[in-house]
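As structure tokens, the structure follows; a few thoughts come after it.
By letter and in written order, the chains are A, B, C, D and E; residue numbering begins at 1 in each of them.
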Amino acid sequence: MYEIIEGFLEAARLIVTLDPDVIAISVRSIIISLTATVLASLVAVPLGAAIYFGTFPGRKSLINLIQTLYSLPTVVVGLLIFLLISRVGPFGFMRLLFTPTAMVIAQTILVLPIMTGLTISALSGVDPVIRDTLRSLGATRLQFLANIMREAKFALLATVAIGFGRAISEVGAAILVGGNIMASSFASSTRVLTTAISLETSMGNISESIALGIILLAIALAVNLVITTIQHR
Amino acid sequence: MYEIIEGFLEAARLIVTLDPDVIAISVRSIIISLTATVLASLVAVPLGAAIYFGTFPGRKSLINLIQTLYSLPTVVVGLLIFLLISRVGPFGFMRLLFTPTAMVIAQTILVLPIMTGLTISALSGVDPVIRDTLRSLGATRLQFLANIMREAKFALLATVAIGFGRAISEVGAAILVGGNIMASSFASSTRVLTTAISLETSMGNISESIALGIILLAIALAVNLVITTIQHR
Amino acid sequence: TTTDQTPVEKQQLRIATTTSLDDTKLLAHLTPIFEEKYNAEVLIVSAGTGKALEYGQRGDVDVMMVHDRAREDTFIADGYGINRRVFAYNYFVLVGPESDPAGVANMAPEAAFTAIREKGTAGDANVIFVSRGDASGTHSKEQSLWKAAGFNYTTEVKGSGDWYQEAGTGMGATLEMANEKEAYTLSDIGTFLAYKGDLDLVPIVDEGDSLLNVYCAMQINPAKYPDINSTVAKDWINFLISDEIQQEIASFGVDKYGQPLFYAAQDDWEKIGVTEAEVKDPIA
Amino acid sequence: MIELEGVRKQFDEKIVLDGVVGRIERGEIFAVIGPSGSGKSTLLRLIDLLDTPTGGAIRVNGADIHAGKSLAIQRMMGMVFQKPAVFNTTVAENIAVGLRFRGAREAAIREKVEEALEMVDLSGYGDRRARTLSGGEMQRVALARAMVIEPEILLMDEPTANLDPVSVATIEDLVVRINRDLGTTVLISTHDMYQGQRLAHRLGVLMNGVFAQVGTPREVFTLPASREVARFVGIENIVDGVVVGENGATAVDAGGVRVRVAAPLAPGERVSLCIRSEDLRIAPADAAKAPPGKNALPGTVASIVPRGPFSRVTVDCGFALSSVISWKRVDDLDLREGSSVTVSFAPESVHAVRRE
Amino acid sequence: MIELEGVRKQFDEKIVLDGVVGRIERGEIFAVIGPSGSGKSTLLRLIDLLDTPTGGAIRVNGADIHAGKSLAIQRMMGMVFQKPAVFNTTVAENIAVGLRFRGAREAAIREKVEEALEMVDLSGYGDRRARTLSGGEMQRVALARAMVIEPEILLMDEPTANLDPVSVATIEDLVVRINRDLGTTVLISTHDMYQGQRLAHRLGVLMNGVFAQVGTPREVFTLPASREVARFVGIENIVDGVVVGENGATAVDAGGVRVRVAAPLAPGERVSLCIRSEDLRIAPADAAKAPPGKNALPGTVASIVPRGPFSRVTVDCGFALSSVISWKRVDDLDLREGSSVTVSFAPESVHAVRRE
């Protein structure tokens, strides 16, 4: 148990001393996962809206499929992306493997199903009379969506929080397509908090792992506070 | 890319030939993750209700904390459980490490935050007039909760779907506290689909990994269909 | 080859390595020296041997550093790898609980394995062997030891009872598991030393040529992947077998563990059973 | 302007609208009245393109609006919902929404919203969060929201159901003014017949899936087309009987009591007589005889029930007849239960409808 | 039975109830009337323990209900909400909920639900999904749901706001019956004063956070306590003036026109005169003089507006006076805008309230 206490002390030390490696890793985690969350939102919200308001055949099956994809293991997502972007894959020419870009792509795809599914839930939480009122007031498609989203703001932002949580905490895809590289330049490195935690764990450095875990949670807390602030505005 | 096609063929082969190892692993995955989801529901739903209807100081901070824990990496959960149940840990005497029980505990704890958070969301989706009506009709606490939950049934079952998805797809905690053991007896083994996928991946067996991933998704689909059926009843 | 993220003048070298080299921090010790000398940037991807080979086979890296002779040979024979050089070696070690329930301390490796299997299959619940079970270099070595002891691994060892358990994870986790279960396991010395402080396990058998662990580096065949970064790859391999670096390898870890983690391959080519060219001749 | 051509709407098994036919003219105030559940909301929703009919067509200016739903047609119309919902923002923003959709300029929006708030008597409420408003306040916000876009057609689904009479009067004045000043066509559903009558140029009585009657308030109120309509528009006295000839004039035999009727009816016909309570005169039994040709039926007071500033006096003359008279008059006549009285009314006040 | 002791309720800045004092007796039907936003719903919610007062106390049978909220007190009461919500299940299940809470037996539940459905005229709707009901149908389900538990106190927040007159009459009869047969105390909020009057033994007029007046319908309607109440209860003619002595009788000077008043008033006092429109008589200008002692004011018809089965005729006599008379009488008198008429009314019909 003392490892946990040690972990807290270590976390405090790393933060207080501004350990440059830890800072680089943390910043990279934030950039990658935030980017992925934003990209995923840009896809998931319109997609969720299209599915929710759509009346195409197979709509129910599609929703079921999306719910099923909640269970997509991160390793499988990592593998699929890996096959696509590895040199012999169809996008191999872009040389994306082992780059932060690849990690963003993987995390984006990873959180898409849950964000799309929760968008559908968020929209279905809006009072039907509100929807009718917007239509009746002569909203264009875009205006309609923008206003429905404003009404569903709270739930949509909760969705973003969940997406970010899943992105920043996943490790399977990050390690497969990122490679957990610690290079001398920031841009070439792909080590993020979770892959660093895995590495420390595999080396038996439990206190360090816990310290990094605490830092990760601190970041998540900060992001959540921002989201909560927007929610209540 | 042909690995993906191969993965599908392999998955078909494994399923059709009833590969005993794969069946054992799949059954173990289902048992462990379903148990964890059920246990987590039993805690998360009352807890979420208590938080949602409660008026204690620090309620908002608690909700923020829960949202933050969405980002709890599975490895960190695994580590914490590991420290608690390893031989030298406070619960070491129970000899739980590397048993399926340990995996159930870890997954339960892993999905608790998101299930609690989504329970709160689900409950806040219930029309306030419905709440007032129940109170006014003289509901006891228990009757009140039971009825509110029935009104929020759809969203609560979606929460269960998300919890199950997260439990069955996680690998970090499973491998740390379960150990991915393949022993000759079913009960001593702790290999589940995700840890098997990790293993196959680390061995470079991409098609096998994808095959196992497909089997995992098939299980998730089946569970989701059951949940959807209950939702619409 | 260059990627868009790097400054133009710097070359990038991608290396897939087995985890033990990375986890011991040996590579972290060597890369800065290389980077400064060759104005290059080294990207290290650490993975199990199987996955590392997969990366190499797909041309996703320029250099591979592994320790599984048999699979290396196949890899080269299939035309994916060229210019193998051996740069370091050490020994595997059979570790187990101090009580040594199978009573195999200081036996020859094959004999120890035979004794463990015998007690295990006989139903002695105290005798357990935890295998990596992940097709890693270490797992390969274990399999070859069972074979050398006269057993058919798939029929007579694996699945022969609850005494033999496949961890299916990395070395560190396998050690943790063996520690928890008070079981035997085969480990590379580097990881064991790194973990030693947290474990109750002790070395049971650590001598015998069959425990030899030989690390090599090889280039991915530019004929297969023409745009691969073969110049820096060559530089790296030549760097590893250079006198200066061989010294570094031989002394690495002494200050921390009181004993070296690796031995330089340069002068011991006979002992480890490779040709002199493989340890000494720089790649042209 | 709005033509309803056999409009049908079915939910699962339940047929709600069963071929509604009608025509609402440009600039008209048309009220749809009908019992709860008769399909008033459904009809308005179909016209506002919020739902699709299962049969028939709705034409606006000649064009079938459900054939090619267009934003232009949608924007011609404004609707106030029966249970309005407000957007989770301020009152002012709620009212501004429709203007924003049409790309109005900020200054214009602010001015119009201010005006609209004043119209619905909510000046100063602009910055309040709309969700905390009372039932009636919300309904007024919904009204302002629909009116501020100055639609050509204003659809209102029981817009004053939650308002007190003073507010109702304010809103009604507003509707009349909008209709008069801007020429807005108004289609209002209401369960308050008096409101229908106060506001509407014409009424449609929705019953059993169709308009049982369409006409001016006066037509609907004095000459209901059926027994059901008569009951619905509040004619208290409906007496069933059979037509008999009587000295050249027409009379109806209602359980032995004869009632003279002005309209010509074929003897033997089974009819219901509708007599508005205000056309009845109750006088002491010993009062001067009614002029010849008038009906004068003796009876006893069965009950006296206060109703608004009046009392409703029911007299048993063989069948029950009730009249609404002021409290003062009740006192003056010294009416009480059991008093003997004479109920008199002109044959012209009796409206007869055929019974099936 | 229910005592309101200085009940206060404040939302953030806004004071809604500012010390409401009142007493509702056991077995009484008490109606709270008041303008939209005056706090009727707020008051009912406080009594039903759904919200907590920021000041004062509410006692039921002597016990402060907010001091120790108890299920027993909660279960004494049933409430119908202004905008009722239904549970997402069948109509029958919706109505059964309260009975289930009280552990009633299945057979008893089935029977009572069936009865309740019949009471609100929804027999046969038991198996319908409640979410698909029309506005009025939902409101009737909410009524049945609250009534079926036979509460000692029935709170109803504008229960008939969405209903047509026929349904309203059904519900009102029901309320009267429940009150009479079961002795249920009924507290009803309504914006429909006539409803308040038809149903209630006593009325409370909620204005500016307090009861501006509490009394029997007759008191409130004929003797409003203030100009505001007078206006709210629908007295059309409110004339401001100053009391002057006139030949021993009391008269009021209203902009030069003298109006005789029966009640004794101190000369010089500033008062508002309230005259109910039904107490006015409009006669042709050349008709016989009014009897001495009666007010008879000459004037010209300013407007004639249809209102229900009546017309509202406004006469300018220096100030406007309007009367509601039947269409027939308008025709008989041949009234039209500009006609010269005499408006007469007894001094006893004039109710004077002091102005501040």
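In this text, contacts are C-beta pairs under 8 Å (C-beta built on N, C-alpha and C of every residue); 3 or more make two chains touch, one makes a residue touch a chain.
The structure presented is a predicted model; accordingly, all values stated were derived computationally and were not measured.
Engineer: Going by the contact rule set out at the top, which chains touch both subunit C and subunit E?
Structural biologist: B
Engineer: Any chance you could name the chains that touch subunit D and subunit E both?
Structural biologist: none
Engineer: If I superpose subunit A onto subunit B using their CA atoms, what angle of rotation comes out, to the nearest 5 degrees?
Structural biologist: Roughly 180 degrees of rotation.
Engineer: Which whole number of Å gives the spacing of the CA centres of subunit C and subunit D?
Structural biologist: Once rounded, the distance between the two centres reads 90 Å.
Engineer: So the centre of each chain is just the mean of its C-alpha atoms; given that, what is the distance between subunit B and subunit E in Å?
Structural biologist: It comes to 57 Å between the two C-alpha centres.
Engineer: Give, as an integer number of Å, the spacing between the C-alpha centres of subunit D and subunit B.
Structural biologist: Measuring from centre to centre gives 58 Å for this pair.
Engineer: Where the CA atoms of subunit A average out and where those of subunit B average out, how many Å apart are those spots?
Structural biologist: 18
Engineer: Indicate the residues of subunit A shared as contacts by at least two other chains.
Structural biologist: 89, 201, 206 - these are the residues of subunit A that touch more than one other chain.
Engineer: Two-or-more-chain contact residues of subunit C, please, as numbers and ranges.
Structural biologist: Each of 170, 173, 176 in subunit C touches at least two other chains.
Engineer: Could you check subunit E for residues that touch two or more other chains and list them?
Structural biologist: Where subunit E meets two or more other chains at a single residue, that happens at 83.
Engineer: If two chains touch, include that pair; go through all of them.
Structural biologist: Pairs satisfying the touch definition: A-B, A-C, A-D, B-C, B-E, D-E.
Engineer: State the interface residues of subunit A toward subunit D in the complex, per the touch definition above.
Structural biologist: 127, 129-130, 132-140, 143, 147, 150-151, 153
Engineer: In their complex, what parts of subunit B are in touch with subunit A?
Structural biologist: Within the complex, subunit B touches subunit A at residues 1, 3-4, 60, 64-65, 67-76, 79-80, 82-84, 89-90, 114, 117, 121, 125, 155, 158, 161-162, 164-166, 168-172, 176, 193-194, 197-198, 201, 206, 209-210, 213, 216-217, 219-221, 224-225, 227-228.
Engineer: Write out the stretch or stretches of subunit D touching subunit E in their complex.
Structural biologist: 11, 33-37, 41, 82-83, 132-137, 140, 158, 161-168, 191-194, 197-198, 217-218, 221, 231-232, 234, 276, 278-279, 305-310, 326-328, 349
Engineer: Taking the complex as given, what residues does subunit C use to touch subunit B?
Structural biologist: These residues of subunit C touch subunit B: 47-48, 50-54, 133-136, 159-162, 164-170, 173, 176-177, 179-181.
Engineer: Which bits of subunit C are touching subunit A when the two form their complex?
Structural biologist: 1, 3, 5-7, 10, 12, 14, 19, 23, 28, 31-32, 35, 41-46, 55, 58-60, 170-173, 175-176, 194-195, 198, 225
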